[in-house]
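Here the structure comes first, spelled out in structure tokens, and everything after it is commentary.
For reference, chains read A, B, C, D, E and F in written order, and residue numbers begin at 1 within each chain.
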Amino acid sequence: MTTTKKPFKRLLLTGAAGGLGKVLRERIKPWADVVRLSDIGDMGEAGEGEEIFQADLADKQAVLKMVEGVDAILHFGGISTENTFENIMFANIQGTYNIYEAAHRHGVKRIVFASSNHAIGFYPQTQVIDADDPPRPDSMYGISKVFGEQLSRYYFDRTGIETVCLRIGSSFPSVNNPRMMCTWLSYDDLLEALRVSLLTPRVGHTILFGASNNKRQWWDNRKAAHLGFQPKDSSEQFRADVPETGEYPPEDDATFNYHGGKFIFDGPMYKD
Amino acid sequence: MTTTKKPFKRLLLTGAAGGLGKVLRERIKPWADVVRLSDIGDMGEAGEGEEIFQADLADKQAVLKMVEGVDAILHFGGISTENTFENIMFANIQGTYNIYEAAHRHGVKRIVFASSNHAIGFYPQTQVIDADDPPRPDSMYGISKVFGEQLSRYYFDRTGIETVCLRIGSSFPSVNNPRMMCTWLSYDDLLEALRVSLLTPRVGHTILFGASNNKRQWWDNRKAAHLGFQPKDSSEQFRADVPETGEYPPEDDATFNYHGGKFIFDGPMYKD
Amino acid sequence: MTTTKKPFKRLLLTGAAGGLGKVLRERIKPWADVVRLSDIGDMGEAGEGEEIFQADLADKQAVLKMVEGVDAILHFGGISTENTFENIMFANIQGTYNIYEAAHRHGVKRIVFASSNHAIGFYPQTQVIDADDPPRPDSMYGISKVFGEQLSRYYFDRTGIETVCLRIGSSFPSVNNPRMMCTWLSYDDLLEALRVSLLTPRVGHTILFGASNNKRQWWDNRKAAHLGFQPKDSSEQFRADVPETGEYPPEDDATFNYHGGKFIFDGPMYKD
Amino acid sequence: MTTTKKPFKRLLLTGAAGGLGKVLRERIKPWADVVRLSDIGDMGEAGEGEEIFQADLADKQAVLKMVEGVDAILHFGGISTENTFENIMFANIQGTYNIYEAAHRHGVKRIVFASSNHAIGFYPQTQVIDADDPPRPDSMYGISKVFGEQLSRYYFDRTGIETVCLRIGSSFPSVNNPRMMCTWLSYDDLLEALRVSLLTPRVGHTILFGASNNKRQWWDNRKAAHLGFQPKDSSEQFRADVPETGEYPPEDDATFNYHGGKFIFDGPMYKD
Amino acid sequence: MTTTKKPFKRLLLTGAAGGLGKVLRERIKPWADVVRLSDIGDMGEAGEGEEIFQADLADKQAVLKMVEGVDAILHFGGISTENTFENIMFANIQGTYNIYEAAHRHGVKRIVFASSNHAIGFYPQTQVIDADDPPRPDSMYGISKVFGEQLSRYYFDRTGIETVCLRIGSSFPSVNNPRMMCTWLSYDDLLEALRVSLLTPRVGHTILFGASNNKRQWWDNRKAAHLGFQPKDSSEQFRADVPETGEYPPEDDATFNYHGGKFIFDGPMYKD
Amino acid sequence: MTTTKKPFKRLLLTGAAGGLGKVLRERIKPWADVVRLSDIGDMGEAGEGEEIFQADLADKQAVLKMVEGVDAILHFGGISTENTFENIMFANIQGTYNIYEAAHRHGVKRIVFASSNHAIGFYPQTQVIDADDPPRPDSMYGISKVFGEQLSRYYFDRTGIETVCLRIGSSFPSVNNPRMMCTWLSYDDLLEALRVSLLTPRVGHTILFGASNNKRQWWDNRKAAHLGFQPKDSSEQFRADVPETGEYPPEDDATFNYHGGKFIFDGPMYKD
């Protein structure tokens, strides 16, 4: 009986109790002998081939231990929707710094950083952009994602740690509004984006937009063609749920104006 | 018994008696309860779901009435081949102004403007262009198309009317020369281009090149990826009629030199 | 006694009774043995070295005669402020066509076309542009200037007539508002722009922005460096008349938002 | 007796006890009736036309009070050299957020953000860049400056607060190494950069490189030409102190390899 | 019985005894009545529809005869791996000059020049390039290929001879390392690239990258879309032979750093 | 008594008996204790601080000796006008290779390569270019200059030898035709270009256009701003000798069509 060798001995997934973390937990098992799962929240029992490491990303010493002995990191941890600046600062800004500094100290060579379309969410939906267009964050959350992209650029220039910043669109089981017809990223395509990000021999510091093979596209991935990400799914399967009508949206409806959709109005800006 | 709601209540098609107008007349019916047909020439009887409005586009008052009550406009009217400047000025320049001003006054929000490859016809066939390359019209006709593109840009900036300028290649039943192997736009693909132009929630002011999925391409549509136009047909089906030979064309044969083909010599320039 | 040979035998200046026409009438005399002056309005008596040719630019036969025998043309004629579309169409669109067609028939090789900043007037004042940025007209007047730029591009590609399109900023004796601190073109610098446009051996089809050497600049002339236009004056001489204050303009004040200033609200759009 | 009205009633200068803060304290007095000075450190007595407001930028409530009643802000506060990430996070990241949120709540319309060449310090000295080139921070300090640039972009898109991000080179009394021959910004030119940033009617969100009129230049300011920043001084006055030799620097000497000079090795990365 | 006319009467293939020459010898027969085969080495007997012309490309008189009477040339001759500069100079630099000068004298209108990825081999594998990116040769061999590209540009500008420079990736029967997963060009796709290069009516001077439809791509062919090259094969068929592992290559392993792979260390630089 | 230390101990000037070589021979003496002069022709007696080394650049062993012990090289040798390909190949292609290989073996770190406007001579005079525009050589001579630019790029990537490619315009005592009004490079400005190329601490591989501060400019040096080349002279001093007339040049007069002027017709192409 033969067994295929898995690419990695130990892979770290942060944010394992989050929405996408739960999706990934089972699916990435074929890539590593051991998947170390980390979250600030409860992750249940460790399954076979799993290690559970519950910690706050803002806790530097905990993160140092968390990263020890891993070959590569899928950094999905932190707050994944709009929140107060302070909460986001600790979870996403300090948390991501802790991950990179720990990776540097332990010699981890590759990180996939779960960035977001909200890093460029203030672009109008009538403008197609690529990875060289400057960020235009649409929220505190989006700003923290741009921070992670810049921090990882620095760590690449300074220490050689390679990162793929995956600007995830809308990764959900299905589509329920016109914006998601553009931004939808199926779970299978998310997996494929992570797979090529981990397994391409050299990635340097690459920004990859994460959308499925949808008909309408706001994001041009040609600067990342060296990764070979070729999504297979299409939001057209949900067309019946999102019928095309001739009723044009009001001009002040953010959902139809910006890449980031209504996120720009979700902010805490006027609230505390 | 259920009936699907059509996207529009009333759609205006100008140039309904022209070559493409006749092609579109039947095919766009599924998009609107009523299709209002307009032309300076005879359009026959109004069929079911049709309104006939015969008028000269240069007649401002007539156009004001023509546009009243419509949700969106497919502006295919005017002169569609080379002609004297004066004729083109009245039919295409004044006519298009009348359409936009009427649309503005009646609150029409979306227009698809039938522009043409002759707006960029003086580019050499060895240069691939996209929507940001400056116009290079090849004829009085082409100049009038650039005028329409600029006028619609102004109306978008000034009033918010959204326009897709569709730079139509060669939309005919079949292909009969090497240039059309690049420029051919099948009727089905023309329909699809119009459909996405009408139904995409936000289009702003977008220039879309209209060619089928032909092998050789002079026009790069990536600036219009937000429309999701994906042509299905290919001119390769006519390859047998346009055999590839090693007999290279003479250097002064415009058909093989310019995107616009022999149009540059069709002009009235030396004639009146 | 020796006399220096003047560069041209006969130079045509259209729009000679207009604001800039009057400024140029005397100043261009050193460039030609005879200056032919044309306008629809009264130009007074012909002075020494002058020919008076009163005509409507929309009159094709008159323009044909007007252009006969001239070496080069400074085309300043037509309507120079916002007006109804129809008036602008006849004076600026048909008029400019008549000039180019007449130039073609009579073998005139060089035209300087008085274009305008209103061809790009809808750009925001916080964006620096160059000649490759697409036009964004701010008015019917601006649209007619874009028309002239495109028409002259066509005549260059088709017949070889060379044109410099001079996008004139604000050419007045002095400056009286903050926008003009950017857009001011002194009469001396206007003359120099015309001089290099006429005397550079090859100009092809070049777009030249016409502003003096003002501190703030919205227009980058580097695509026209082959003309060698080096303005000498600066709007800083009028700084005392336009004091800098910390009172920021309201967001909806077009004067401070767009290259074209308040022109966008001068239009006839809502008036007839 | 007449007095010239000063542009602002109240101007806030943060970081007033820092190196550049002390330089600016006296020099910006002509711009405002009252200059409010803020720092975490001691600023001495308030002089005429001065208000002293000692506070920690990381203290949100204090910053809210600090910003109340000011017309515009020169944000020079925070840590201005490399330091631990945590220190920089509180002083520069949280501190700058507090400034912008306070500005938003109090309706402040204009901020000049003291960014730094260390936001782009990892570019090689043989590459000339402009404001559209992506950031390449060279340190934790540099990362915090990129954060401020992105945060201010967000506040502009979301609330309309205008910011000039001034990427200051080396603003010191004199020059003492070859890198500073490129990066030197005299105090007078710094003042002029701040002046145009405050007084230009519209600045939107603009990135301005801050170097004097030195012969060698790594930074191309043409995207900010609308500000009219024209430095007058030149590092050539210090040429005698920095003689040009033919002894080429070793390849691994960061001082001669990167825009940011030896900063990349100043980091705390290996130290705590 | 009818026979289809072949596109060319006589086609010249240089380098016919080389690796790719042997592959092409049989496959290009359908394109010409006679294929003239040339090489410095032995080519065996002439088959049906073949002419054998053994010669040294550095021999100008021989090349003049070799080119006489041919309609188009596939120039695959010369040294195809790294070698001493002198050997490469005679075979590739002088040889290619002789071919072009002979083509010019005999009125040959079209040449396909077998250029190489080694013309741009010093680009990092994390950078996607297109035909407008400047060459970065990785070897003496690569320099000779850039020479041929520049020489053919000159002959096109000066004489009108059209050339497609095909920058061949790795054209072998199969793939055996990770770099070839990107660079592989199947023989069928090579044939198709040659076919469109020969049969497109106008090609001017075009640079075409030659890779199959592999998932990962370093080379963006959109500037050559007018040729209609659409590769059909994919290196994924060899995936089993080149398993993806999580063992990242050492930073100094050229095979994983540069487009050109280990070629940069194959050079004779340190050897003679 | 003090003496200022010269930047270099030994500087090699190739082509010392050529037109510019003679100009430079005296003027570069302040830069080095010893100037080694090389040429294939007679250079007279060695003056103080001079070494004479007569050799053929095509002689590899001679060049190896020639380069021994020098700190930097001004490579002006080879054929400097149009000639047969073979002559140019040996003198300019093989000769430049020999220089670089010798520099590599002897550890020379910096070379200034006398390239030429004929490397880009086929651009039209109405197009302003910069260092990123692809070469368009206008002659065999121009092709050899592009070769040198590419070879030096390779040696920089492979070995770290830094090169400034100085694309010299027309470096003569005076100006006698309209083209030279654009291309003139005074001897003083030539000296300054060489000085900054030698003394800038890091130059990498930089292309610098060599023209004086003439009014009309075809070449934009902003990609080389890190060198700080600021020419002082202007061709306007010769304006009286090159009067501006309104007599436009014939369309087929290369002198007025191409950057390279009549060089394109100087070639040996039709002669042997």
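Operating definition for what follows: a contact is a pair of C-beta atoms (placed from the backbone, for glycine too) under 8 Å apart; a residue touches a chain by one contact, two chains touch by 3 or more.
These figures come from a predicted structure and were not determined experimentally.
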Worksheet item: What is the graph distance from subunit A to subunit F, where chains are linked when they touch?
Response: 2
Worksheet entry | Rounded Å distance, subunit B centre to subunit F centre (Cα mean) | 53
Discussion item. What's the distance between the Cα centroids of subunit A and subunit B, rounded to whole Å?
Written reply: 41
Fill in: Multi-partner residues of subunit D (at least 2 other chains)
none
Item to complete: Sort out which chains touch which and give me every pair.
Response: A-B, A-D, A-E, B-C, B-E, C-D, C-F, D-F, E-F
Discussion item. For a test of understanding, state which residues of subunit B touch subunit A in their complex under the given definition.
Written reply: 5, 7-8, 31-32, 71-72, 109-110, 160, 162, 198-206, 222-228, 230
Worksheet item: Any idea which subunit F residues touch subunit E in the complex?
Response: 85-86, 89, 93-94, 97, 101, 104, 122, 132, 134-139, 142-143, 146-147, 150-151, 153-154, 157-159, 264, 267, 269
Worksheet, complete the sentence: In their shared complex, subunit D is touched by residues of subunit C numbered 124-128, 178, 182, 214-218, 220, 244-246, 248-249, 251, 256-257
